[in-house]
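Please find the structures below.
Two complexes are shown next, each including chain A; its partner changes from chain B in the first to chain C in the second.
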Partner chain A sequence: MGILDKKLSLRDRNKMLIGVWEDEDQLMAGASEIAHAGVHIHDIYTPYPVHGLDRIIGARRSKLARIAFFCAVTGLTLMTTMIWYMYVHDWPMNIGNKPVRFTPSWAPVMFEGTVLCTAFGMSFFFFWRNRLVHGIKNEILDIRQTDDRMVMAIETTDGMDEKAVLNMMKNHGAVELREFHNGVQTVL
Partner chain B sequence: MIHDSIIRDRLVTGDKTASDVTRDIARPILNNPSTAWKVGFTLSLIFLGIFGVSLLYTLFTGIGVWNINKSVMWGWDITNFVFWVGIGHAGTLISAVLLLFRQKWRMSINRSAEAMTIFAVICAAMFPVFHMGRVWVGYWALPLPNAFGSLWVNFNSPLLWDVFAISTYFSVSLLFWYIGLIPDIATIRDKVKSKLGKTMYGFFSMGWTGSTRTWARYELISLILAGLSTPLVLSVHTIVSTDFATSVIPGWHTTIFPPYFVAGAIFSGFGMVATLLVVARKVMNYENYITIGHLDAMTKIIMVTGTIVGIAYITEFFIAWYSGNIYEQYAFTNRMFGPYWWAYWSMMTCNLIAPQVFWFRWARTTPWFIFIMSIVVNVGMWFERFVIIVTSLHRDYLPSSWVMYSGSLTEIGLFLGTFGIFFTCFFLFAKFLPVINMAEVKSILRNRE
Partner chain C sequence: MGHGHHIEVKQEQFVFSPKAKRFSMILMVLGLIFAGLGIANLGGHEESHAAKTEVAAHEGAHHGEGHAAAAAHEEHTNVETEAFGPRMEFHPLDKPANTRIWANLMIAGYFFLMISLVALMWYAIQYIANAGWSVGIKRIPEAIMTFIPVPFVVLLIALFMGKNDIYHWAHYEHLGLKPSDAGYDPILVGKSGFLNSTMLFVFPSVLVVIWYVLMRKLRSLSAAEDNATKGDVTFFRKSIRFSAAFAVIFGFTISVIAWLLIMSVDAHWYSTIFGFYNFVTHWVTMITIMAFFVAYIKKEGYLGFVTNEHMHDLGKFMFAFTVFWAYLWLSQYLLIWYAQIPEEMAYYQIRFENYKFNFLLNFAMCFCIPFLGLLMRSAKRNRYVLAIIGSIMILGHYHDVWLMVFPGVFGSGMQFGFLELGTFLLFAGVFTYWVFTALTKRGLVAVNHPYLDESAHHDVGV
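Up next, the complex of A and B:
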């Protein structure tokens, strides 16, 4: 499995049912009922983080914390090795008769290097995993999903009762219902 | 269970909806610049010009054009360096420490405070870099092989720790700020009409869609970055303080410096945040987002940190007396009653006495008064650094090394010029990027518990 989360892309997908909400409470209730009915929700796009939606759509817990720890250990090792190599191994210097072996005075540089490595390593992973790349084509379903609308996307499967799903969306306050197929949206 | 709070005051007033937030905050970006912006930006450019002229004069003539000498070898330059680094700290405090403490009021002010951090660190970096004199070999401060001209760097030196601390602080702050900006840049991308705007905001929004999966990871990375930035911000000013504390100069050689510098940094940083936001909320009509409640909270922090700093001043004075060391005692008596008494007492008045006015609710909730007080705080904190540096250096052990020091016109020009850098950056930021974090503010509109 690559690092990139393929679930984030809308390309090469079956027909998708799109529901648009204005209210987060109604969206939560709708998403919850649809998920309980056994329908897999592909994704929900919101202009701000709505807590709890990730669990409803079955998103797995992120491994970012573990990645951060790995980057921290790498950074610490790199910095310690660097200081030891320059200061002890390659060219020891007598400055004010201070010791050149490992001393607490190494700690600030080791710490800063660890933080730098963790922050950038983890962020690079975050960008990659989330398909956040400079200049990538936007795959937005509704121009207002970054403003005030919340958009639910459900990928149709064989045997799915599309009408029942659309009804559930409508009953829970979806203000618009659409179909998305081959890059074309149709209002229902 | 989630419910609407009936006890807490609303963090955003005026019954705003999510689309109101987008409209209000994106207005300066989507419309032509206002007259206030044009006037402010022109003034900033004038100050930037002063910086350019002073810097070129310094570069082409040498740092002999500054009034520093063999006793006072650090003068306005390092005073200004510590002053600007300190100002930067409030941004990280608001975005990182307050995030860890789940203080939701930070959401309206974190964006501009983080921007302030970045611009302040740029201003700060100017001074040690150009104090090197031969700035074209400034890369010798980096750990490069001996073949580059210098020996390996000295890892026992706090000045080297500074190189690592400031560059890490700048890059991590920039990263934290940018990650926070991505959802808002995407909002602007979907609102802006011009082709150039669409291309630019499209490029920097990195294809953000607002997917639930991405939001979940985004919140986690924000939390981890906040967890990293908190010790980072403490380490940066601790390291800045060790530039002084690890030397054996009376007045500098004190263990109280790290916590005292960190408290002072937060104090001065909040002073600058208050200066900027009191004006911004009025000029940009953001009174419903940066409410009196925000000003109230910020002034409380100013009062607490000002008091901590004041106690530190008194403690170091007491310890100098208690140590029985005549050189320490002289350094502190000289600060209070020597030729720079006016600087010492300006510092005490502005930093310890003046902020006590924030015990009164009126003082904490009256914007014009907070604006004046924030300037007082900034003046006081500049004097603090001036007092620490100049009064400790100007009377050396040998009376033949006793000198008086005052900044030259070039040094004053450089200092005023950094305000040009700072405000030019800030005005550009206010024109092209959302000053308030739209996505986060939308999530607190309902005052959920």
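Up next, the complex of A and C:
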């Protein structure tokens, strides 16, 4: 799955072309033209969700839902085993003379355990995948990408016409154009 | 939100097509046929039932003035010898054959009244929550909520005709026993301030009038908005205020209605979660019905800007409230199971002993099948999956209401048969006809709603 794939780090990639936008409509138009020209857009960093952008850059469906399902199944299994071991196998308790093997009465534990595992699992995988966990270094291309700027990153390939790509960015209202290579940014 | 690509939204006029008319007619005719079959079977059932009756005192004690007290007396002396002391439930199990008809009408009336009310609640919540995505499908709950008076009239007729047989507290009230009499029931007497015939008619009527007035007000605001100029938010603001008023009134009163009309079938029993549980049962059904209408209207070529994204959100609502229904269903049961108080168990005792199949079928139809069926994203975005799972859900929740009433009224020996199915289909036909007619009365798009554009651009992402 490549969750800890080193390739995810921008530092270890080829030279990146970076365009900074102030306006989301121009960004959408630019992204759309660049994508139609057959250039693969690595990612676009925006301070808030821009609807439709994921489709334009051809983002694949998030794996988070599947992870949630597996976490849920894990949690359910774990809790069922736990309550069976504790309450039936190891130390049966007489509470109000109720039978211990009555599964509906286990439901709250099973339900809460499932929810807990799913919530923690999803948060953990989400942060891990987005390189927001302690110990994983992440490059922030522009500190204002969390404020009022939108940043597009395109990884250069061997046959790529970099000039044309940069021109497309500029024509669609990119306010800054930069290069990022080996951890160093150069303003173009 | 994505202003990059502009989506043109124009007013559309819905036409009640002959095909849709035929569909609702077929529902009604099927309903009448099934109900007729059910009624035809009813007579035979009565004879065999009477033949089986063991206690002589019960014979002919169909709540005639003189016989009833004797029957109550007989029943009381019978049960006191039981090992558990005096039985808490007073169930005159011998009912006239037509009780089943009144009980069915009462269930159908209650079910569709709640569906229309919950549609109004949905409409109000969209305003209070400032929801944008649902503006495109706003006309559908707006049409469903106009149905309020029809099921209510049926409900009143059913209650008027059958209350003494449906509610054993009404029958008890009718007996007028004194503390010294045999069969005197202090619990029913204690509850008689709330559970009495005056209350049964006056309270729901007053509430329905209040709800109806608020419904008309919200609808007239919506109509006024259509005729106003684009960008005028006065009616939008006013709608929020009236929605909030309705939500507060409805939130408090809906529980009381559920207690009075449905929970009182087992008058000795009570559950504090019951009102909310009823609300959720109808809420999830209403969302399913709404999804059906949206899917149909889209298939006919209307509302082009309402996309699969909106259907996906409706599917998510169906899925989420399915889980919530199961949560309440189990919570109500588990608390009673743990507490181990005999009179609280009466409700589940009779349902699990005599209606085990229905009890488990209810859980399967309302939770297991929808939960597994709607879990996947692709299922929620697929019209055919939604149609199949949705039909199971609607029938399942109707059966849920049936299971709340019938075991309490008839004791054992009843089944969800032709009459029940027929009543449901008949009502479903009238309901569809009514809603389609209501849809034709307004333009299908709320063109001057401030969030219409947001709804048109609604996108849940890849």
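Operating definition for what follows: the second predicted complex is superposed on the first by the 178 of 188 C-alpha atoms of A that agree within 3 Å, B and C clash if a C-alpha of one lies under 4 Å from a C-alpha of the other, contacts with A are read in each partner's own complex, and residues count from 1 in each chain.
Rule of thumb we're sticking to: a residue touches a chain if its C-beta (ideal position, glycine included) is under 8 Å from a C-beta of that chain, and two chains touch if they have at least 3 such contacts.
If you're wondering where the values come from, they're calculated on a predicted model, not measured in any experiment.
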After superposition on the shared chain, which partner residues are touched by A:59: those of chain B (first), chain C (second), both, or neither?
both
Chain B versus chain C as contact partner of A:29, first or second or both or neither:
second
Residue contacts with chain A in the superposition, chain B compared against chain C
B
State whether A:133 touches chain B only (first), chain C only (second), both chains, or neither.
first
State whether A:50 touches chain B only (first), chain C only (second), both chains, or neither.
both
Between chain B (first) and chain C (second), which, if any, makes contact with A:160: first, second, both or neither?
neither
A:105 contacts which: chain B (first), chain C (second), both, neither?
both
Intersected contact list for chain A, partners chain B and chain C 49-50, 53-54, 59, 62, 65, 96, 98, 105, 108, 111
So in the complex, the part of chain B that touches chain A is made up of which residues?
17-19, 22, 143, 146, 151-158, 160-161, 164-165, 168, 171-172, 175-176, 179, 182-183, 186-187, 189-191, 202-221, 224-225, 228, 231-232, 235, 239, 242, 438-440, 442-443
If you look only at chain C, which of its residues touch chain A in the complex?
1-5, 327, 330, 333-334, 337-338, 340, 375, 377, 457, 459, 461-462
So in the complex, the part of chain A that touches chain C is made up of which residues?
24-25, 28-29, 32, 49-55, 59-62, 65, 69, 96-98, 102, 104-105, 107-108, 111
Chain B-facing residues of chain A, complex:
5, 7-8, 43-50, 53-54, 57, 59, 62, 64-65, 68, 82-83, 86-87, 90-91, 93, 95-96, 98, 103, 105-106, 108-109, 111-113, 115-116, 118-120, 122-123, 126-127, 129-140, 143-148
